[in-house]
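Per-chain numbering from 1; labels A, B and C assigned in written order.
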Amino acid sequence: MTDHILSQNSPAAHDIDIARSRETRRHRLNAVLRYALLTAVGLLMLYPLIWLIGASFKTNSEIFSNPGFWPENPTLDGYIKGWKTSTPYSFGTFFLNTLWIVIPKVIGTAISCTAVAYGFARFDFPGKKILFAALIATLLLPNVVTRIPQYLIFRDLGWLDSYLPLWVPSALAGDAFFVFMLVQFLRAIPRDMEEAARVDGATTWQTLIFIVVPLLMPALISVCLFQFMWTMNDFLGPLIYISSVDKYPISLALKLSIDTTEAFEWNRVLAMSVLSLAPALAVFFLAQKYFIDGISSGGIKG
Amino acid sequence: MSGDNRFLGLIYLSPFVIGLLVFTALPFIASLYLSFTNYNLMNEPVFTGLQNYIRLFTGDRTFRKSLWVTLVYVFTTVPLKLAFALFMAVILNYKLKFINVFRTAYYVPSILGGSIAIAVLWRYIFADVGLVNMGLTTLGFEPVNWFGDPTNALFTITLLRLWQFGSAMVIFLAALQSIDKTLYEAASIDGAGKWTSFVYITLPLITPVIFFNLIMQMVQAFQEFNGPYIITQGGPLKSTYLLPIYIYDEAFKRFDMGYASAIAWVLFLIIMALTLIAFWSSRHWVYYAGDKRS
Amino acid sequence: MARLQLRNLEKDYGSFRAVHGINLDVEDGEFMVLVGPSGCAKSTTLRMIAGLERVTGGEIRIGGELVNDKTPGDRGISMVFQNYALYPHMKVRKNLSFSMRLKRRPSAEIEQATNHVSSLLEIDPLLDRLPKQLSGGQAQRVAVGRALIKKPQVFLFDEPLSNLDAKLRASMRVRITDLHKRLKAENQQATVIYVTHDQTEAMTMGDRICVMKDGRIMQVADPVTLYSRPANTFVAGFIGSPEMNFLDGTFEGPESVGAADQTISLGADFTRRLSGEPSGGVTIGIRPQHLRIAAAETPGTLKGKLNRIEFMGHEVYLYVDIGPKRIIAVVPSASYDRGALRDDWVWLSPDPKGVHLFDRQSGENISLAL
C-alpha cells in the first residue's frame, strides 16, 4: 500500500509542480508585457502634459531648445507676464468671467435636471412617451443644426455679448445627457421611501427635496462635475456670443493670446494654459471616483 | 398617487418642455426654413428655394473639399480611436496592480483634450521648432513640416482626437470587467484558446457598448471644431477645414446665414443617415443579453 | 359606524381588472387581516386604501369621509412597509419625527412624542443610529414607531414580517398584537388592516380575517368561524394546516355520501346541515384532524392504502391513498393502533360534525344550514 501513496518525491507530484510553475511563469510574463506596454503608452500620452507644466517655468528661448521637461533655469516669468496679458485686463479677470458662466450653468443644470428626471421617473402624465422620445432624440441630435437659429433667438432677446445664452438653456434642462443619466439612476432606486414620505404627509415637492435628492446625491455630483469640466472647456459658445474682450472667459482669452502676433511669448501662453487647465485637473483628481463611476454607469446602463 | 394632479409630472417637466420648444424644436424648424433663404442679418430673409443647395453641390469647391476632409477625418479617427480604446481596455483587463493609475492616466487627456489650452499646446508641439521636431532631430530624423503640408496637418488633428481615447476606453473596460468569468472557464474546457475566446465570447458580449461608443464618437467627430480651428485654422489650403468650421465662417464671419444653414442641414442629414444605417445594421451584429435571437 | 368602508372597490390596469368590486367594513379598533395567495390583490387593495394606487371604481371611506381623491398624507392613515422604507440618510430620531416636522409641530411636542413612541417599542438606544446600522427586527420596530407617531385613524401593515426570520417573526407577531391591545385599552385609535400571505399569522393575529382570491373576497369572518364554517372550498383549503382533504363524491341519501366507489355514513343528523338537496356532484371536505382509525372492515368508513406515516410526537400523520387520491389523517399518537391495519389497508371514520359538502361547480359550502 505505501508505495502507492503520493509523496513529494513521487513522479506524479513532480509533474504537477512543473505544470504549475510553467503556468505561473506564463502569467508573470504576460503581466510584465502588459505593464511594459501600459507604461510606454502612458508615458507617451502624458508627456505633452508633463512637458507643458515644465515648459511654463522655462524661458522663451529654452522652450525651443530643450525637449526635456525639467527647466534648466526655472522662472516664474511666464506666469507673471502671462497674468498681465497683452490686454488691459489681467488673467484673473478672465478667470472670474469663466466663473460667471460656469457657476450659474452648474447650479441651473443641477436643479432643472433633477426636477425633470423626477418628473420622468416617478410620474405618469399625458404625453410622457412623446416627451421621453424627444429627450432621447435630443441626445442624439447634432446641435450644429440648431446653432444658427439659436443665435438669432438670443439676438432678438437682446442677450448677445452676455453670458445668458451660455447657461440659460442648461438651466432649462437643455443637456439631455444629464437628464437621462439621472432618470436611469432614479429608476434603480425603489419607491418605498418616497411612498412612506407621502404617507407621512409630504407633498411631491417635499418628497423630492427631503428624500429623493439625498438619495440622488452621488449621481448629482457626477452631473455637476461633468458639467463643470465641459463648461470650462467650452469655446464655440463664447466665441459666438461674447464680443467684448472684458467679458472673455479664459478659453477666448487664450485664443486671443495666440492671435496677437506670429512671434509671441510662448512661455507666457503656456503658463496661462497650465493655469486654465488647473481647476479642471484639480477637480478631477479630487473627485475621481464620481467621474469614472458616472461615465461607466451612464454608458452601460443606457 | 391619489389626490395628485394628473399633470403634476408635467409641472416638474416644465423647464424641459420650455427649453425643448424654444431652444431645440423652434431652432430646428427655423434652420430648415433658413436653408431655403438668403439671409444676411440686415434685412428680412428672402426665400430662394433650392438655390443654396444647388450652389453647394455644383459650384462650391470649398464645400466639396470640406466635406471630403470631414469624411476622411471621421472615417479614420472613429475606427482607430475605438480600436485603440478597445485594445488598451483588453490589456488593462487583467489581474494587475495600479490598474486605476493607468486608467486615470489615459483618462486625463479626454477631459482636457477639448480645451483651448491643449489646442495651443498642440500648436506648439508640432511647430517647426516644436517638441516633436526636436525629438525627431535628437533621434537623428529630419524635422517634418507639420502645418505647412496638407496631409501632415490633418494628421496632427487626427492625433489630437486619438489622444483622447481614454473616455471610450473606460467604458470598454467597465464592459469587459462585467463579463462573467465562468464563461471563459467553460470555453477553455471546450478547448477554446485566447484568441477564439476573444472573438466568440468577448466581442459579441460587448457589442452593445461598441455600438454605443460608435454612435457617440461618430456624432462627436462630425462636429469637431476647437482643434482644427485653433491649431491649423482650417488650413493649409483647407486641408483641415472641417464642415463645422465652414459653417461657422459662413454664419459668423460672412453672415450668410441662409447658406450656412444649408451646409448645416447637409451635415445633419449625413450624420442622421449614418446613424440610421448604424442602427439598422446593429440588428445583425449587436447582441443584447436576454435576446432570444441567436 | 365602521371606521373603514370599502364599497364596490375596483382597480383596473388597462383592460385587466385586478380588484373586482369588493365590499368590506372594518369596525373601529378592529384588527382586520387581509390574507390570500400571491396575486389575490390584497396588497393592491391595501395600497388603494393608503392612496398609493388610484381607485378606478368604487369608494373608500375612512371615519365616514370619502377619501378617494385625497393624498396619502391627508387620509388619516399610516403604513408599515414590507421593506421598512426607512429614510436611509436620516437617523432614527429624524425618521420617526419626519411627519411631525412636515406639519411644523413645536419641537417640545415632537420630542415628547418621539420619546413616548421609542420607549413603547424599546428602541430608545437606537435613536441616534442610521437605518443601515439596524438589524431587521430593529428596523421594523422603527417603521412601526413611525406609523404610531402619526396617530392615524387606520394603521396599514403590508406584509411587515415576511423579511424576518421565523423566530423574529413569532416575537414581532406578539409585539404587534400586544401593541394593538394596549392602544385600545388606552382608548386610542387602533383600527388595523394587516396584509399577509401567511395563514398562521392571519389566524393568530386577526379579530376578523378577509380571505381573498383573484381580486375577490372569498369570506370575511373571525378565525374560529373561518376554520369551522368555511364558506367555500378555497377558504376551506386555505385555512388550516395540514390542508383539508377534498374528495369528489355524490350525495347518496339522507345519511351517506359516496366517494371513490365507497359509501361513507354520516349519521341521521347530517342532512339537517344541508341547505337543500344536492343534485349534482359534491366535493366532500374533511379536515385531517377529523378522521379516526376505525377497526378493520368497518362498514361506512373510508378504506385506503397507507402510504406513509410521520410521527410528530403527540400526533401521527397518516398519508393514505384512496384510489389515485392522497389524503392525510392526523390522529393522536395514543390512538394509533397497528392492529387496525390489514396489509397496509386502513379504515378511516370521519367525524360527521367535521364533514363539509361543497357544490362541485361553485365550490360553495352547502352544509352550513345549522
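In the analysis below, a residue touches a chain if its C-beta (ideal position, glycine included) is under 8 Å from a C-beta of that chain, and two chains touch if they have at least 3 such contacts.
Bear in mind the structure is a predicted one, so any value in this text is a computation, not a measurement.
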Chains contacting each of subunit A and subunit C, listed by label: B
Middle chain, criterion being Cα centroid separation: A
Contact-richer chain pair (by C-beta pairs counted) among A-B and B-C: A-B
Whole-Å separation of chain centres (CA-atom averages), subunit A against subunit C: 56
Geometric centre distance via CA averages, subunit B-subunit A, whole Å: 16
For subunit B paired with subunit C, centre-to-centre distance based on mean C-alpha positions, whole Å: 62
Where subunit C touches two or more other chains, by residue: 51-52, 71-72, 74
Numbers and ranges of subunit A residues touching at least 2 other chains: 195, 198
Touching two or more other chains - residues of subunit B: 1, 4
Touching residues on subunit A, where the partner in the complex is subunit C: 190, 192-193, 195-203, 206, 210-211, 214-215
Of all residues in subunit B, those that touch subunit C in their complex: 1-4
Residue numbers on subunit B that touch subunit A, as the complex places them: 1, 4, 6-13, 15-20, 22-24, 26-28, 30-31, 34, 88, 91-92, 94-96, 102-109, 111-112, 114-118, 120-125, 129-131, 134-135, 138, 163, 167, 170-171, 173-175, 178, 209, 212-213, 215, 219, 222-223, 225-226, 229-230, 244, 247-248, 251-252, 257, 260-261, 264-265, 267-268, 271, 275
Residue ranges of subunit C touching subunit A (in the complex, touch as defined): 50-52, 71-74, 77-79, 81, 83-89, 98-99, 102-103, 146, 150
Parts of subunit C lying in touch with subunit B, wherever the complex brings them together: 48, 51-55, 67-72, 74
